[in-house]
Structure formats: C-alpha cells, structure tokens
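The structure under discussion appears below in the form of structure tokens.
Chain naming follows the written order as A, B and C, and within any one chain the residues start at number 1.
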Amino acid sequence: MPTTITMPQLGETVTEGTVAQWLKKPGDRVEKYEAFVEVSTDKVNAEVPAPVSGVLREIIVGEGQTVPTGAPIAVIDEAGAPPDAEPVADAIMAAPAMGTLRATPAPSTQRPRQPGGNGIGVSPAVRRLAREHNVDLANVRGTGSNGRITAQDVLDAARTAPAPARADGGKSGYTNPIPGTTIPLSQARKLIAQRMVESRRAAPHAWTMVEVDVTNLWTWRTREKDAFERRHGVRLTLLPFFIRAVVESLLAYPLMNASFTEEGIKVHKDVNIGIAVALPDNLVLPVIRGADKLSVKGLAVAASSLIEKARRNQLTADDLAGGTFTVNNTGANGSILSAPIIPNGQAGIVTMEAVVKRPVVIEGDAIAIRSMMNVCLSLDHRVVDGFIAGAFVTDVKKRLEAMGPSGTL
Amino acid sequence: MRTSATAATHFERFGLSDEQLVAILRNMLLQRTVDNRGFQLNRQGKVPFALGSEGHEAVQAGAAMAFARGRDILVPYYRDLGLVLGVHYPVIDLLLSMFARGADRAGGRQFPNHFGNRELGIMNISSIIAAHLPHAVGAAYAIRFRGESGRAVLASFGEGATSEGEWHESVNFASVHGLPIVFLCENNEFAISVPQSKQMHVKDVAQKAAGYGIPGEAFDGMDPLLTYDAVHRALERARSGGGPTLLEAKCARFLSHSTDDDDRTYRSREAVKELRKRDPIATYEAVLIANGIVSEADIAELQREVLAITNDATDRAEALPLPEPHELYKNVYGDGDFEPWR
Amino acid sequence: MAIAASTREMNNVEAVRETLHEALVRDDRVLIMGEDVGARGNVFLITKGFLEEFGPQRIIDTPLAEASIVGVAIGMAMEGLRPIAEIQFADFIYPAFNQIVGEAAKTRYRSNGDYTCPLVIRTPYGGGVRGALSHSVSVEALFYHVPGLKILAPSTPADIKGLLTAAIEDPDPVLFLEHKKTYRLVKGPVPDGHFVLPIGKADVKKEGSQLTVVSYGLYAHQALDAARQLESEEVSVEVIDLRSIRPMDRETILDSVRKTRKLLVIHEDNKFGGVGAEIAAMVAEEALFDLDAPIKRLCGPDVPAMGYAITLEEEFMISTERMREAMRDLVNF
C-alpha cells in the first residue's frame, strides 16, 4: 500500500521547504525512522525519517526544488513489492509478494555518517577536528594502534586535501578555493545570494555612523571578565553590553524595531535581536528572543549559547526565526567601518566596529588617549528618516559611554 | 569535697560585694529564661533544635564571676549558656544563633549554643566532644609564650569528655608544660543517656588529676559561691604561673540532653523530681533573702528584667532574615575563593 | 618568581631545614612542635641544632600524642602564633584526623571568619625506603577532599623552599607532604633569601607535544627521567609536576592537554579514589573534545601498603621502565 510522504514543517513559522538531497533512490528499501531525504529551510538542514517501512517507489520533488509545507515529495510502497523501475501511479499492490521480499536481506540501515576506521570508536578530538576541517573520515587512513584514526591523521588529511573538481552532497570548496575553478553553489550560498539581493532591492539602504568612547566600558568589562567566566563558564566580550545599549535605544525609538509592509509600518512589541555569526562557508543570524528582558549577564549567556550552536551546526529553525533588529560584531574581524545589508523585514542593522585607541579631544580641550569604537547603522529609508535614525544611533552612543565599573551586569 | 557553706547561719561570701552576689543571681535567672526560650521556640516550630542547661545555673554563674573579662580566654562547651552570658555574650547573639539568622556572628552556620566571640575572648567550638580542649591548651601556651602574665584559659566540659583521648592529651600536655589553664568539669552525671558509672571507674573526675600531677578539686556545683571560690583560686593559680588545675563541679541536668533526646528512656520521673528539689536558683534565692541581700520584690524585678531582655532579643532576632544562599561559599579560605580547581 | 641574585645547591631535606630556620629567624611567632624535634633534631636531622639556637619554648618535644600535636597547634594558631606541627611519619597521622579535618579545616568557616587557623602540618610520606607497612604510605587522598585545607607536595629543593615559606605565611591550614625518598636523592639549586611560590600552581618540568604526564613527589622525577629517555625515540612527552594538590592547577593541565590531546597521571598512592581520579574527571569534563585517547592513570596498586620484603616493595612501586612503557603506549594509541 503506497504512502505519500509530504514536505514536513521544520519550524513554527516555516511555510515551505527545499529538498536538499535524496539519501535513497527509487527501488531502495527504507526502514521506518531511517533518514531517507535531507530537507532545508532557511539555512537549517534536517534529515527526515521515514514514517513507514517499505520501498521508495517514486520521487516527486527533485533535489534543489522548493515546495510548500505539506506538498507531496515521494511515495513509499509499504507492502514491500520487489524493486521496480516504473513508478506506480495507482495504489494497490498484491500482498503475496511480501513473503518473497522478506527473504532478501534488507540493505544496511547504517546512518549516513559512519565513523572511519574499522569499528574502533572515533575519539572526541577526531570527531571535532573532522567537523571543523570538513574532513570525511571515510577517506582517512588511520595510523594509530589497530588502524585507529588519530587526531594527527585528521589534521594531515585536512592539509593535503585535494581541491574538489565538483561538490557533492552539499560539500563545497568555498573556504578553500582553487584559483581558476568554479565553486558550485551550496544551498547556503544560494540562499545568502537570494536574500541579499531581495533586501537590497526592496529596501532603500541609507547609512550613518557615530564614534563611541568605550574607555569606561572596557575597564568595566576587563574587571569583570575573569570572575564572570569562572562563575558562568562563558566569556564576557563587549557584545552583550552593546546589545543591552541597542535594546534600550530600541525601546526609546520603537520605529527602529519595525518592518515596512504595504499595509503600514508594523512596529514590533517584541525585541528579538539577531546576532550575525560568520561561519567558514555560511552566515547565520540566530536570534535572542525577548532581549529586552535580559541583563548584560543574560545576554552574554544567551549569545554565547547561540554562537556555540551555530559553530556546531546545531541551530534549529526556531533559533533563526523572529528577529526584529540585528547586531553585527564586524569589529571582531578588525573592521572600523561597515555598510551592512539589512536582514529582510527589519528596519535596520547596527554594527560594533573594532575598538581602537586614539587621541581624542576631551572636556576642557585636553587631548587624551581613549578607546574608541565606531557604531554603524544601515537603515531602511522607507521606515525611518535620518532624524530618527540619527537620534537612535546617538542614543546608543550615549548609553555605551555611560556604561562603566559602577554598573550591574 | 566541700558542700554547702551557705546556710543561713554561716554565710560565706568569699569577698564578693552585694552587687556581685546579685549579679550572680541575675545571671542564673537570665540563663534559665534564655534557656527556656530555646525550648519554647522549638515547641512553636520556629527553631529545630535546642540544648538545655537547667541545673547548671550555679556552676556557670559562679565560674563566670571568677573569669577576668578582657584578660582571660574562655573555651566553653555547648551547655555553657550561662557561662557565656556571664562573660557578657550578647543575648541577641544567642537568639540570632537559635534562629540561624544571617546577622548571627557565625552567619547562621552553627548549631545553637556553639559559641564563639573573638572580642570577648571566647574561642569558637564544634560539636565534637573534647576536640576543643587541645585548642584551649594551645591558647594557654600562646599567652605564656608571649609572657602575658595575669591571663589564663578557662576550659569547660562535661564528665563524658574526660573519656576522650583528646581530653587526656590536653591535660597531659598542659601539665607537662605547666600552662595557665583551668580545666572545669561540669559533672551532671549523664552523657546523654550514659551514667557516670559506665563512663569511668573513679567516683570523682577530680581524682584523675593525680595521674597528671596537678591539683584536683571537687565541689558542690549547685552552689554558685562555692563554685566561684574554687574557680577563682584555680584561675589565680594559673594566672600567676602555678600551672593547671582540674576542677569538678557536681551538678545536675534537669532536662534531656537536647530536643533530640528523651530522658524518659533512661531516667525515671521520680529521679528528676528529686534532682529538682536541689534547684540552684531556688536555693540561692533563699540564701540571699535569708541574709538580707535581696527581697522577694527585688527578685520579681530581676525576673521581669531578664524576661524583657529575652523577649526583646527574641523579637529582634526573629525579624531579621536568614542568610542568603550565596553566603554558603564564603570564608572557606582567607582569599575568598572556595574552588579547589584554580 | 624573581630571578635570585644567587642560588645554592642542596637536597630536599636541606631545603626543608633551611626554610624552617629562616622562618624561625624572620618571625618570632613561628615555632616547631612534634616528637623528637628538639634534642634529637628530628629523625631526619631537619631541626638539628634548633633547640640550642631557639630554645625549648619555640622547639617543643611533644608527648607521643598526634591528636594533641595538631590540636594544641590549632589553639596556638587561633591565638595568633604561627606553629609548624610535625607528624613524624605520615603513617602516624590518623589519630590527628579529627583535629585536621573536623577542626582546623573548619575553624574559619564555622566562625565565619572570626577565628582563623594559620597552621602548617609537615610530614614525611611515601615509600621505596624499605619502610614497610607503617612508614611508607601516601595520605594526600584522605585529605585533599576536604574544603578548608590546603595540601602541598613539592618535589624539588627550590619548590620546597618556595612553597613551605608560602605555607608558613598562609592564613589557612596547610598539610605539607615531603616524600622521604627524595630527601637525599633529589638535589637542585635553591635561591638564597626569602621567596614564595604561589600555592595552587603546577610546574611544567619538561615541555612536549605528544602526551601530557601529570605527577608529583618521587614519581615526578622518575616521570621526568622516563620522558627524557623517550626523546631518543623521538617521542615528545610533557611532564607537569603538580606541586599543589589542593588547590590544584586547572589551567596548566588543560593548556597542556589541549596541546597534546593525551593524558597520563602517575602517582604512588593507591589508584582507586586517588588524586588521579579527580584530575581525570576534571579533564573529561572540560576538555573531552580535545582528547584523542582515554585518560590513563598509572598508580599504586589497591592494597593497604607495600610490604617489607624487597619483592613486595618493588611490586608496589612503579619503575621508570614501567612509566616509559605506559608513556610510549599512550603516545602510540
């Protein structure tokens, strides 16, 4: 009896999905709960387990195609009729065929990711290094005892990895390009390209900048960081302080926390701050929901957790949804000025640039060496004009300059 | 052994003034009132644990009177409520400890009656019997080491403590070095349920002194003046370089060991009734009245006064908060960090 | 540690002696008490001559009673002196357990800082000296568990002087363990004059890239020997001398393990529940994804003590050859 498999909903607010990769081909045996297709929404890839056991009869949606949630994508024949190249359009199969099929052993139900080596477990270091360096353990020869793959083996493999002629299964040479070749577009790259173009086309981007004296804030952070890390297990950077200031300014200037729609400017009640996280071959924007309810401490912990998840490729669709404003720590790459592209549907994106010691003029016309950090804002000129945007970004500056060792985390 | 020397016809005041005699009575009344308050709070469900000292009022008030506040060092045990009150331990501190409030000197960490107050010269103690005695000996060594004559250590304990190895080691060390310390045993004949006959083979704890070559003296611990005299002489001996003394005050414990004990399982009610006939407070009051030192009205006034003090301390202590949970981590080490992995 | 103007070569027992002597001279409050520390000058001659120089008030021959050696010292410390109590052999420390764990460790805590206990308890421990059942044990595992105590076990003369001085000046009770076999066996340069090493910091005695070995006491030296021998086989082992058992140095150990990805703990004390167990647990908790092999512990067998017969002692003690083997195996894992 054939079962039609439909596109699953991979997140609360998700309405469509793209078939990233078929893990089975028509005629293959599929066990219930076995992963048989990889689906992606935004930039989250998820393996879909089969709801029934049987044989994959027909693939309806091909790789790379996007369909709405609930649309049919494949048919699995539950009765387990012998593999048949022609797709069965009509339903009923003859039951007696089941007996013969049972005799033939089912193909291996191993999950796609197998450890390399000969059955000896893979050490935690090997697992991590393989992921970080994008090394497929199946291709690594183990030089450890009993043929075990060692951490050094993985590092050696990463160094001498040949440039891929063409990518397969989502792996791309994006981080390791060979000049003169064409890198096939991964799912992530396609989506990034699409989104950036959409945003630029829809929203007229304007830009402004302020210089912020973060000397006191830096002192405060330096004083707190060791005890903080000991107590919470999380590093204390300037990011949570920055987010806190931005959140408070958003509450003062709610038009910056809004979206342009044909029906009107939708001013959001929730303050959900997206953090741009750059990964080797992807850019993700996980969201801290309800950031206005978190203290600096809370923001540090929340941000660290999301960034960790992003680095381990464990972000869920819900982690990425619901952002109302975005923050980008471009300064971490050394930048002192950026003109970022606004995430779709938001009124602006603000960056914190690198902290640089500079001689500046202070009160009384004296010159002092201060720690200066530029804050840049790209704004959707349909939603706000320079008046509000300027006031907003100046407000962020004031709040940051007021932060110092007498504050509470 | 000296028994009562305070019969109406032969009143020996051992050089104490009227004020001092009345102060002794006041201390005994205050001790009983605060002591009872612990049990009242326990029965009200406000305080989970209380230790009683009823029956010890005379020995503790008398010993406290002999103690030189600001000079001597006191190393008490957990039944010495009256003794610490007599050296001016604040009543509020006792109640704060009962209620385990954060403002308690030990931050609510200790059981009630685990005294300690560096300013008053009271060394802080644990619940471990006799473990405090080597410390008392060390303190005596320190004051002698620094040449501080005129100072002595008063260490007290029950008769059960004299069975502990650390009791023996302490008395031994102190006597070898001739240290300025008085070992005061408040013998109430029961170590929780174990009677003296099962605790030792001698009739008097004071007899053990012979084994250390130091003076030993037993006396009626239900008589505050006899106690004062014995402790005073022993402390003077210690302060002037005469070495240690082992004192034994024969007294009685009217209550169970603590709220976790039920003495009905090992003592008859008749026996306790007999003991109460020798109530040290009633006895001493009678003596003072008979000798014209106080009147009934004076006593009533004293009772009112100590009750008011106790009530005030109770109310103030109860109103204060418990310690914050994060206080748990403080004062493990001097640098404030408790983490073993640094 | 500042670079000293001058150093002198001495062995471990001389380092202990010199440190104690300097402390007695420098601080009037310091005194030494224990069995045979006076006229005999200590059974290893550590305090020889001290009685004549500092007098019987400061160098005290105590009665044979360990509980009061520590207990009386606690009272002295609470009253403002700086006593150094000696337990003649670590095997005799058990009667003092109540005073060390129940009283000294808790003095500051139970008084919420009203009273403190700046006490040092020194004792020789460890085997390989034909000491048999009661002159060979290691006791650190019994005490390092206890909050409020500090436990030190340095293995070189300079470390001994720096850490014993730090212990004497520390406001909290410190158990100072001296491996008796290293007393005369281990020599090294010791800076002249007063200096302290920080309590809670380990020392990388040899750098390496393929394996982290953590050890202390006599075995720190044997591990170092084994590691140096392995250099000729082009095997690179990093050796960390713990020096401080409580508090213990997290950063040095983790930095090393993150570099080498493999950890071997070597200690003389029995394996079950020994110091190695805590190190292994911490590293597994904090650096699991840096480990390329299981954490290994090469430790004393789980029997009560080493016997008098040489064959029994040698079975208990771990040879440098065995350490080399264990290191080689783990590097090749």
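We adopt the following convention: a residue touches a chain if its C-beta (ideal position, glycine included) is under 8 Å from a C-beta of that chain, and two chains touch if they have at least 3 such contacts.
None of these values were measured; they are calculated from a predicted model.
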Which chain pair shows the largest tally of C-beta contacts?
B-C
Most centrally placed chain - per-chain CA mean versus overall CA mean
C
Farthest CA centroid from chain A: chain B
Centroid from C-alpha atoms only, then distance chain B to chain C, rounded to Å. What do you get?
41
Distance from the mean Cα position of chain C to that of chain A, given in whole angstrom:
50
Can you check how far apart chain A and chain B are, centre to centre, with Cα atoms defining each centre and the answer in Å?
70
What residues in chain C touch two or more of the other chains?
none
For chain B, write out the residues touching at least two other chains, lowest number first.
339
Which chain A residues sit where two or more other chains touch them?
none
Could you list, by residue number, the parts of chain A that touch chain C in their complex?
123-128, 144-145, 148, 150-151
Provide the residue numbers of chain C that touch chain B in the complex, in ascending order.
31, 57, 62-63, 65, 67-68, 70-81, 83, 95, 98-99, 102-103, 106-116, 144, 147-148, 150, 170-172, 200, 246-250, 282
Which of the residues in chain B end up touching chain C in this complex?
73, 105-107, 109-110, 114, 116-118, 123-124, 126, 128, 131, 133-143, 145, 165-166, 169-170, 172-173, 176, 330-334, 338-342
Under the stated contact criterion, what part of chain C meets chain A in this complex?
261, 288-293, 332-333
